[in-house]
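Both complexes shown next keep chain A, but they swap its partner, so chain B is in the first and chain C is in the second.
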Partner chain A sequence: MSQDLILANASGRQAVSPHRRIPMSAWLGILVTAASVFVPGALGNQYWTYTFTLVTLYVVVAIMQNILISEAGQMSFGQGAVFGIAAVTAAVLTGLHGQPFWLSAIAGVGAGLVLGALFAAPALRVQGYYLGFVTLSAALVFPQLLIALDNITGGVNGVPAYVMSLATPIYGSITPLSILTVVAAALALLFHAVLPRTPLGRKMIIVSNSPEAAQALGIHPGMIRSTAFLIAALGTAVAGVLYVPLVGFVGPTAFRVDFSIFFFFAVIVGGQGKLLGPIMGIWLLYLVPNVFLADFSHYRLLIYGVVALFVMLVFPDGVVGSLAKWIASRRSNVEKVTISLHDALRDDDTRPVETIGQRPLIEVRNARKSFGNAVALSGASLTVKEGSIHGLVGSNGSGKTSMLNTISGFMPLDSGKVELFGRDVTRLAPWRRTRLGLGRTFQTPRIFDRLSIWGNVQIGREGYKSAPGGNEIDKLDSQAAKWHRQDPSLLPHGQRRLLEILRVMQSDAQLILLDEPAGGLSPEERADLARLLVHFRDRLGKTILLVEHDLSMVWNVADEITVMETGVIAATGRPHEIKSDPKVRALFTGGGDA
Partner chain B sequence: MSIDELALILVRGLGQGAIYALIGMSFNVVVNSSGILNFANGALLILAGVLAYVLLPGSPDWLVWTLAAAGIAACLLFFVSLQGIVTLFPLKSSVEQHSWLVTTMAVSVILSAFIHLYGGSLAFRVPAILQPVSVFGLSTPAAYFLVIALAVFWFFVIRWFYQKTFTGLAMSAIAQDLDAAKAAGISVKKIQLSAFGISGLVLATTGFVGAPVINISADAGIGYLLSGFTALVIGGLGSNVGALAGGALVGVLSMFAAYRFGGIYQDTVTMGLLIAVLMFRPEGIFGLAAARKV
Partner chain C sequence: MLEVKGLEAGYGRVPILRKINLVAPKGEVTLVLGPNGAGKSTLLRTLAGFNRPTAGSVAANGQDITGLAPEKMVDKGLRLVLDGHRVFPRLTVWENIRLGIRGNEAELETRLKDVYDVFPVLRQKLDHSASSLSGGQQQMLALAQAFVARPDILLVDEPSLGIAEMLIPTILDFLKRWASLGTAVLLVEQRIDIALKYADSVNVLRGGEIVLSGGDAAALSKDGAIERLYLGD
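Presenting the complex of A and B:
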């Protein structure tokens, strides 16, 4: 079956409702964390109860850091400062001003969120290493300010703060505080386990993999990055507040730059993206130098640096990640399963939508764009009518993709005008255009291997909420259970394209731009794709602009065709009308490329 | 504010700014050829200063000073090239293209840790080669003028290098279009390594010449790293003209803040500047819009 997706299903098991299952590793993490605190606690060993409660607080911070790095794809070297500002605020209020701890704690979390907002603000505009520098600068400045503002913070002397009610043992050396800490770690772990299956988590993964694809799905990448920083700040600040009653003293030297870098390295060493990574990372990086090699504690920073470098060079997946890979490689009962796309194509009794009309959905007028001396568009105009399939053809470099990028907003014009749905969008950001009802695919399919196949389809309708309308999702729902478990990384190129097309179909987009959808497909798959396009138009009333090199396919399905040549429109008209045009003939005979 | 206070802030600010500009240029050389920002640049600058402390006698003459400069330049050329190998190696096979953030940061931490083990958290004092100069009656270390001259020197040398040497031309080619450069038969890894080497030379000379006015201590590297990066963001990532302009701006502003509010607020002002520029003009104040999608 040509249109089937053939892929390997590593587990082979078909769970009935896998939608919200919490992975085993999360429960294992909770168990290990709880045991590390409660076993010495029940035995009444104060030293180990204290040490592992502190370690567990750090684990909470590292889990938040892990979410930032692996889900949101953002670098932060400043989580220690967020932790510190929450701790100092809470300590100053309880220790120096005698406020009740719960009030001080709320204020501390608030202060942590304010610093998180300082990271989140530039995240609206920039990403990646820029934010690495911003957060690093906060980690540098924070301890300086603690000393500079010594009339508030106690300066170099620090602030003593005791909270008797939390620090009094209730059994052995288990305190209410150690219970709170374990609960915080358990919640953080569960949150991280569930996040990738939520719409927010999926959006984070998309934004970190491809901000352009995110925009094409109607997602504002900056908003998602900012949200990630705020969530991380929340969890980190809670841990920071709990630090106060645990340690009983908060001084400025505790939160220096290396404290922030410690959390970053812990995640890398443990294994980015792995649920158990932060636990392993913190245990290794904190316990080994501070407890087992206490005599060498002044080599601590050196050890962090060397271990992080070593892990990055030898085990780039970290300790837990490499272990997981090794286990997966031993379990090689890979079973091939087949998924049919027929469900998407299934004929039913839906009446054809009669919407082919004269209203132009796309109107590009006199578009001009050049990069230095290279001219991409030199006065091209294009009109696409509602309910039609419009083919856009031309040789390589003729400006087809530039035209698509102009319409979807990724390439701002030097001059000219773009209207979508009768509205001037020339200056509108891509994600805003998506929200008007525009969808697109890319020449290189944007498939997210971190999401299941189903997740990849689902993000089509999660990108934005728009008016309810004809939506095909119900038909594909029957596939949900199967597709939920399957990882798209094993899909061949052509089927990744089909997946991206399915995704755009699931969105509410009325207007769909397809960039070379037939590339890499077999002749049978091309025939199916052609059927699918006609189905979109006739059954769902969608309007399609199709950039394609497969001219016979374009001539079969398109209602109108535009031919581009060196950045201008060479010809436009109905297929049979322009077939005799010499420029079009040149395309047909102009070699394999056309 | 009197005229001599203004002169003091201006001269010292421009001197500090020249150091930031030089750090910015050493970022640029590497980022243009590989997209990598070396987080160890601050620690490398301090390393050069520590080596100056180790090598220079109490009152050096020009011969010793020149020899020491050459030795430190060779040292950092070797070390940063080695760092280049370590940084570029994981990028070869892995899909994880952000490993450089971790490897360069790890090298930075390792260097700082070694400097800390060697000298604690105290600053090393490095003797000056020239007597202080009097500006408006205020004694000003000559090193401020030397680093300004050095910034201008490296600006022109790098420009000449990009335009006139084969390696330099290949670097510009890689910066403009990696695939085309590969297709033209340029050995990209070699060129990227030489970029690391050149950035090492820039940092070595800066740390050495500026040593008398640089805070050479284990913890100071990150402050210089951030000021250099902020200069770059203001000037536009990748542009050396921008680095000079941005460096001057960051230097004078943070010197003014230090004079007005106290030295402890210097980094705070730089951070504020960085965040403000990223929020309102991420492509830089002087820079053209970056075509590179990060």
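Presenting the complex of A and C:
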């Protein structure tokens, strides 16, 4: 049924327009936020207008925190300090030095960004909880610093700062400031709604799920984490600056460490990753202790704790998260998807590329690596020629995956040398090697359930900007519409593998490393895979290093085969030449013949 | 013995399995085949309690176990070995094996000897952390861990995944001998060419339904019925 499978040609078919429709929940969030400020405002209720304007400012901060937690996967316990430094800077400049507010605001945002950059710098190297502690220490030190530097900041007395032009009501108790606040919240919500559908958002999600896979796609994980911190700092600092004219006073006690924890809590309680989560979280955590139980304000921290505990018990995914899950389980409009290599193989008029040459694209020399007394590689050398399919076989634990990790840079060598495309890369980071034109798949497919199936394929070409002329690989675009709507969480193992192969195919990588691509595939899919590999080589001129246990497949498609045994090369040569080698025979014993 | 009657299950409201009837008798290897996406892994996950069935019943040795939580299933003598090398990487090989032990330790020595005979590499690496094993060796460890638990019913999802070709027959033969000790083995496998030789009966799953089942695996494979259904011609 698949004799006529050929790689589709790219000419003529344009990419379908990316689906960037704003989800309903974002509009709902904007509506709710606007109503919370403008309804009491129009009725002239100053207390509620003030309260909800403040709440909306906090919502902006929580949205930024939400992006950090859910998209970028980073813990930050220091967002309150970023907010605080922006507020204090703006207040000192307006209140104590009589500068115009717009100038003070710019300075405040700048100060917030500087602190954000301080968080971003360690993010280049560390992540997760380690980074969380860096931010936590900033949140702890910041209020002390305000008091210590009291000649600048007004110390324990704080700084009064009024901005009449922003605080004068224009209708009822609606002020220009409350309008600005609602606009800021709306922009933050829209940004969060669009972010996961942008290349930057996808990169954040990949980095937070698997830094290793990110590097294999040419992404520098640290750069992405730092960018996330800077973006969060920007939004948070804007909110901090607006706090000054709203409250009219900035004191050192406002930004203690629990202020930072409050935003973190709000996201978790509301439902991390959900657009409406921060709104729900801030409303619950601010309004309940400060408004409804205002008489017990001494017990505010206790009330935070009780609310958080209660919500986590009743709504394990946060309030919004649990509701969304419940609604999703009531719907049944999900269709089942299957990924097929047929999608990648279609009518074709491209001519075969004649590139099989003698130039070695991979040159590993005398590679040695051990972990304690466990030896992974003990002096293995491997040469893979341009335009060839090179099979790498061997029993379990013989060092095949170690060899792949050496080539792609995940396993630095104790001694030996690795050259890619004729260049010494022994000390080059994995993401830099990817950018030379190296692509790979993993033994356990790295599929990202947060992205749609299409998004999972697309990140193959988004990892890094490559040279022009790579657009002959747009052949999957007809699938885009279908794959846009579906997330890959229901795909079985073998299908996830195919998805990862399609991803590496979408990238411009000239040199592709495949780690057991046929594992979990049905016999029919194996046949398609073999055909696809040959087409890769013949039509697109790619070079493939194939680690595979299915020996008959390797012997069918490979131009050259290398056999590994306990960390060294046991044999290498053309398939028919080495077939009679006793070490090769041993691999087949009991497994039927190739 | 495992008996499945009219089983239906899915994710959320997406139905995956429809009216599954299946018997895995004690002492036999029952093979489940089917193309990718047919619902094989969902079937095993549902039987092991990770998915609640929406209809039908599952009985282990005549006892109804429908919809029990996974850890309760283990108490009823059922055990699932997942695909994709599920071991605890931070623990040593021995600690991983030890986790499987339950109940009577008297026969432990002989069971361990059986395991080491089939997978000698595990004995050599008892003190190494499981993360230092290669992908295929981790798969062996997962099987070893299940074996020392000596379950009445064993569900295995693609044991050949990541295993060197020469070892696949060894593993399947191991499962076959394991079954002959009185365990009902339900095996999902993609390498049908090799697996059919070791199966006592076969069920072919397509589109969430069992489209063919038969007691004599050898006869079924000979007349090509399986290949035809498998490929959907």
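In this section, the second predicted complex is superposed on the first by the 547 of 594 C-alpha atoms of A that agree within 3 Å, B and C clash if a C-alpha of one lies under 4 Å from a C-alpha of the other, contacts with A are read in each partner's own complex, and residues count from 1 in each chain.
To be clear about the criterion, a contact is a pair of C-beta atoms (placed from the backbone, for glycine too) under 8 Å apart; a residue touches a chain by one contact, two chains touch by 3 or more.
Every value quoted in this text rests on a predicted model; they were computed, and no experiment measured them.
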item	value
First (chain B), second (chain C), both or neither touched by A:366	neither
Partner chain in contact with A:147 - chain B first, chain C second, else both or neither	first
Chain B versus chain C as contact partner of A:522, first or second or both or neither	second
Chain B versus chain C as contact partner of A:415, first or second or both or neither	neither
A:495 touches, of chain B and chain C: first, second, both or neither?	second
Partner chain(s) touched by A:396 [first = chain B, second = chain C, both, neither]	second
First, second, both or neither for A:165, with chain B first and chain C second	neither
Which of chain B and chain C A:118 touches, first, second, both or neither	first
Shared chain A contacts, counted only where both chain B and chain C touch the same residue	371
Contacting residues of chain B [partner chain A, same complex]	37, 39, 86, 89-90, 94, 96, 98-99, 101-103, 105-110, 112-114, 116-117, 219, 222-223, 225-226, 229-230, 233, 262, 264-265, 267-268, 270-271, 274-275, 278-279, 282, 291, 293-294
Complex contact set, residues of chain A against chain C	1, 328-332, 334, 336, 338, 371, 374, 394-398, 400-401, 443-444, 490-495, 516, 519-525, 549-551, 586-592
Footprint of chain A on chain C - complex, ascending	11-14, 16, 35-37, 40-42, 83-85, 121, 128, 132-137, 140, 158, 161-170, 190, 192-194, 230-231, 233
Chain B-touching residues of chain A, taken from the complex the two chains share	75, 77, 118, 121-122, 124-130, 132-134, 136-138, 140-141, 144-145, 147-148, 211-212, 256-258, 261, 264-265, 268, 298-299, 301-302, 304-306, 308-309, 312-313, 316, 371
